[in-house]
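Take a look at these structures.
In the two complexes that follow, chain A is the common piece, with chain B as its partner first and chain C second.
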Partner chain A sequence: MRIGLPRALLYYWFGPAWKAFLQEIRLMPVVSRMTTKEILKQGVRVGVDEACLPVKVYLGHCLNLMSECDLLLVPRIVNLRKKEFICPKFMGLPEMVKAAVTNEYGPEGKERVLVWKSEHRSFWDAPPALPDYLRKLAGPGKIKTGLHRAKQVFREYRALLHQGYLPDEAEEILAGKNVHRREQGAAGLGVIGHPYCLYDHFLNMSLLTLLQRREYNYAVFTPELFSEEELSAEVADLAKPIFWTLGRRMLGAVRALRKKHVAGIIHLAAFACGPEALIGELIRRECQSYGLPLLQINLDEHSGEAGLLTRIEAFLDLINTHAHRREGIGCG
Partner chain B sequence: MRVTFPHMGQLSIPVKALFEGLGHEVVVPPVTNKFTFELGSKYAPEFACLPFKINLGNFIEALEAGADTVVMGGGVGPCRFGYYAQVQREILQDLGYNFQLLLLDPPGAGTKELSKAIKLLAEAASPGRILSALRLAWVKTRLLDEGNRLYRMQAPYILPDNTVRQIYGDFLDQIDRENRVNRLLKIYSTFTVKINQLRKEVKPKPVLRVKIIGEIYMVLEPKVNFDLEDRLSELGVEAHRQISMSGWVEEHLFGVFFPHHAKRRKCLAKPYLSAFVGGHGQETVAETVDAGVNKYDGVIQVLPFTCMPEIVAQSVLPEISRDFALPILYLVLDEHSAEAGIHTRLEAFVDLMARKKRARDLRAKIM
Partner chain C sequence: MKKRLYLGVDVGSVSTNLVVINEQGDVLEKLYLRSEGNPIKSVQKGLAHLGETIAKHTLLGVGVTGSGRQLIGRILGADLVKNEITAHGMAGLFTDPTVKTIIEIGGQDSKLILVRQGTVVDFAMNTVCAAGTGSFLDQQAGRLNISIGDFGAIALRSKYPVRIAGRCSVFAESDMIHKQQMGYPLEDIVAGLCEALVRNYLNNVGKGKEILPTALFQGGVAANAGIKAAFEKELGFAVKVPEHFEVMGALGAALLVRESKMENGEETSFRGLRLCEAEIAIDSFTCSDCPNHCEVVTVLIGQERISGWGDRCGKWQHLAKEATG
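Moving on to the complex of A and B:
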């Protein structure tokens, strides 16, 4: 049986582990291909008008997968850590997918959506969180070994991201392929944002690889390069802890990046992203107080490559002048 | 301390009574106006939701009027309201205001800020005084909610006659000014008698029943939803809403004693949205189902642009609408919304419901 896994949202966080789990219980995972213009268009068509860009992308992936798989596995991710959340939309994601699928395929479409309810601590240790259908299909023993395997793969995957591999590279390494380490320049540049903005090559027009290319030649740092402990230690002094995991990691990353003496920070946000509206404001203030150059980019369905490139280039020029001025050369 | 707080519908009446009862001077921010909108959207982050911006505008206006302490609610997420105060504090500090912000976090969000706020607010008052201030505020809240409910039920029948408006206005005024509990109860009973008397005098006419759902601030604050409830009353529509100030206090602060709110929400929403999604997302779904079951003529969802919980709710509402043949109007509002546009949509929606009702009644007669 083919089970569809949309390559969007927290696939960039959990993906390979979900895949390993399905393989272990003898099901065939079908991962949607990289986001394309068509996928995005489909998502925009079926999504609620006000939904944020990443959710629309997710819906597009779901619809795209429906014809290639028998069942669709949609996670209901409540939180990644105790007392924290990601965003309300992750908690209501299955309902949003069901509504979109019903629109396209009628009531039968809805039956093909399986919901995996994942909560803090219950990611790999709680079989009851799995959809009943899968549990009946595989039996308790297989489920247990499957989850065990998933946990293992998840650790390996996160470790690879931690070493600086991009999610698609990490996936290839896990699949046993050889991946060359990309050469990184000397000057560091921070790129922060939610994983699905940073690692979706279509949405950000391959910004990460672009910055590492020869003409720019930056060493790119993302929040994934820091360990969870490091990031939470950085923001431990906040009067009230930030209760959005990804937002907390981003603010923590800004503080950690400053210690790494990066030349500047690029913040990729998605259009209409809720938490980002407030966290972005805090990040802006934080960078201002450090005198750290910051570029905040809102990605939306209309982003044109030329516009994005121009802004990036202008920003990099600015960083260079900034650096030269600090060293006392270049501007006389 | 010169205390201020954000507006939300009639909230300023009980909150003012509470802080005055605790012995503080209260600076009520000017009623939300165009300038509040401008201030808020100028200094708030672009994609913050509308309540954030209006709150910020209220604070700026109140600080200009001489307040030195801002009292704000908090939350535990995932709705953005829980982190409003932290960002607003930074913005106001950058604007150069000298003030302290007291955060009333619900239990569960860590007690550091809450205990500090309670200590500063209650230090001047004796326990007896605190209790009576709380009681007074609570009675006012309840009476305002009840009064509003009654007014919305009866006004559409009476309305071209303007006395009913005047009676309601006087009632709000009196509740605001009176500080003795027994007198408050008397004001309320006189109000009910007057309204019911007026109702008896007019000829009965057919009216539509509509449920207002959505995000609590947008539902309760007439200045941001363009007097939605008044407008509906004028159009001859009974506007009902489950969301109210007292309901919020009961569910979120004393949920242990009032478990029926949460039970109602979960039960009704279960077939469509089984998970909690923050804010009033699940309530919105539950109340729509309730409106469908009880054969309301329509539902109006009011939400600020980019509101996360309401967007989740919005994506399942079409299904409920289909299942119960229930018309739904979505009003997504931000600082750019214009009164004429909203009112036109409202009138069109009322026309639609009226036509549907006529057709249904006719069908019933023939059968």
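Moving on to the complex of A and C:
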């Protein structure tokens, strides 16, 4: 039985663990390929207007996977941490997927969507969250060992991200492949955003690779480089806690990055993301108070590479001049 | 005596501008040409114009900026290809070292560059909306049946500008027609449009930015006295329009290449004036080797395939390099 896993949204957070779980219970995971223009187009076509760009990308991945798998595993993620939330669109994701596949494949399409509800308490240890169907498929006792394995892989995966590997590199390492450590430039640059904006190379037009290319040669730091504890500690003094997990991590990352003496911060946000609109403003104020150069970029399906490149180039020129100034070379 | 010159080229959506400066940074020649959808032709025309000056003296470097900078940069064999923001910042700072704010409004782009103590500290660009740009004015002038050249003078005659919804050019039209039907005089409508553009620019591009004097207003739209007046009314201080406002991007590119050549002293890689007559062809296609479907562009000068780009994998850039050795 082939189970489809769309490579979008929180796949970048949980992916390898989900894969390990399925493998452990003798089901074959089929992960969609990296986002392509075709996938994005499909997603935009079937997505409701109100959905943000990453949700549309997710739908595109689902449609793309339908012909390659028997069942589609769609998580219903309520939160990632106690007393915190992620965007409610993650809760409504299975319904959006069902609507999209019903449009394309008729009512039978909907039957092929498996919903996996998970909460911070029960990611890897609460069998009731799993669809009965899956339990029957796996056989008695299997689910428990599967979840145990998933938990293990999840920890290994997150540990690799802390070490500075990008999600696709970490996945390769977990699969037993040899990954060369990228050479990092001397100057540090922070790139923050939701994981599915940062690590979807198509959506952000390979920004991370671009910044590490020889002509720019930056060491790129993302929020995933820091542990959950580090990031929470950074924002512990806020008058009111930020209850969006991903947003809290971003603001925490700004503070942690400042201590790493990065030359500047690039904030990648997705079009029509609600929480991002609020956190973006907090990030702006934070950077302003430190005098830390900040570039905020909004990604949408109309984004041309030209506009993005112009902004990035101008921003790098700007922080270069700043760096020279600090060293007393003087420029401009 | 042979002068030592630098050429700056700004390839924009509406105009293609060329500037020749000497080693001191003085503007010796400037050209403002309409791109008319064919920037290559415009640059060839511009080069032919400047041919005499360039042939008589020594050209030390070529800098290119603007949205078409990659294409034109490769065709010209430019020494430096820079984004418009850095170029405009450079030109503004060179023109007036006390500058704190640079407002640049071009055909389809508008930018805001903040400068403090002689360096660019922040910037913003319009996103997908063109309601705060020159194209918006062009369109409205067309609807009012007046020439864009007269726009500013007409606006200045107005005593009581009408309020027009400037958020979107589509809504601006319906609002403007309504005001015409209500019987408002032309100058008040034109002045209202200027204020709408400025409001849109400040709300959109200038959102959350600290706009301080000295402010320079550059780009093609700075020719419009009505917009300048509307900015001054909204900001509450005088806005300066520099002498070379319409070619500031090209001036910036020339100044930047001058700076880099003075540092490294390398010879220019400019392909030379033969480009004026050369047959330059663009070949573009959608690569279907993978699902990315990149739009790949390659350029031919005569028989020589000089470069390819637009591909995410780098395969075509690579091929072009091989082809040219």
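Heads up, the rule we're going with is that the second predicted complex is superposed on the first by the 330 of 332 C-alpha atoms of A that agree within 3 Å, B and C clash if a C-alpha of one lies under 4 Å from a C-alpha of the other, contacts with A are read in each partner's own complex, and residues count from 1 in each chain.
Assume a residue touches a chain if its C-beta (ideal position, glycine included) is under 8 Å from a C-beta of that chain, and two chains touch if they have at least 3 such contacts.
As the structure is a prediction and not an experimental result, all values here were calculated from the model.
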Would you mind checking whether chain B and chain C clash or fit side by side on chain A after the superposition? fit
Once the shared chain is lined up, is A:240 touching chain B (first), chain C (second), both, or neither of them? first
Check the residue A:282 against both partner chains and state whether it touches chain B (first), chain C (second), both, or neither. first
Let me test your reading of the model: by the given contact rule, A:99 touches which partner, first (chain B), second (chain C), both or neither? first
Counting only touches as set out at the top, which of chain B and chain C does A:33 meet: first, second, both, neither? second
With the two complexes superposed on chain A, say which partner A:293 touches: chain B (first), chain C (second), both, or neither. second
Figure out whether A:310 sits in contact with chain B (first) or chain C (second), or with both, or with neither. second
Using the touch criterion from the header, give the chain among chain B and chain C with more contacted residues in chain A. B
Under the stated touch criterion, which partner chain does A:273 make contact with: chain B (first), chain C (second), both, or neither? first
Rounded to the nearest Å, state the minimum C-alpha distance from chain B to chain C in the superposed three-chain model. 6
Chain C-contacting residues of chain A that also contact chain B: none
Listed in rising order, the residues of chain A that touch chain B in the complex are 47-52, 76, 78, 83-89, 91-92, 95-96, 98-100, 102, 117, 238-244, 272-278, 280-282, 285
If you look only at chain B, which of its residues touch chain A in the complex? 45-49, 52, 74, 76-80, 82-87, 90-91, 94, 103, 105, 109-110, 112-113, 272-273, 275-279, 281, 303, 305-309, 311-316, 318-319, 332
Give every residue of chain A touching chain C within the complex, in rising order. 33, 36-39, 202, 206, 284, 293, 298, 300, 302, 306-307, 309-311, 313-315, 317-318, 321-322, 325, 331-332
Residues of chain C touching chain A in their complex? 67, 82-86, 89-90, 93, 118-123, 125, 127-128, 208, 290-293, 312
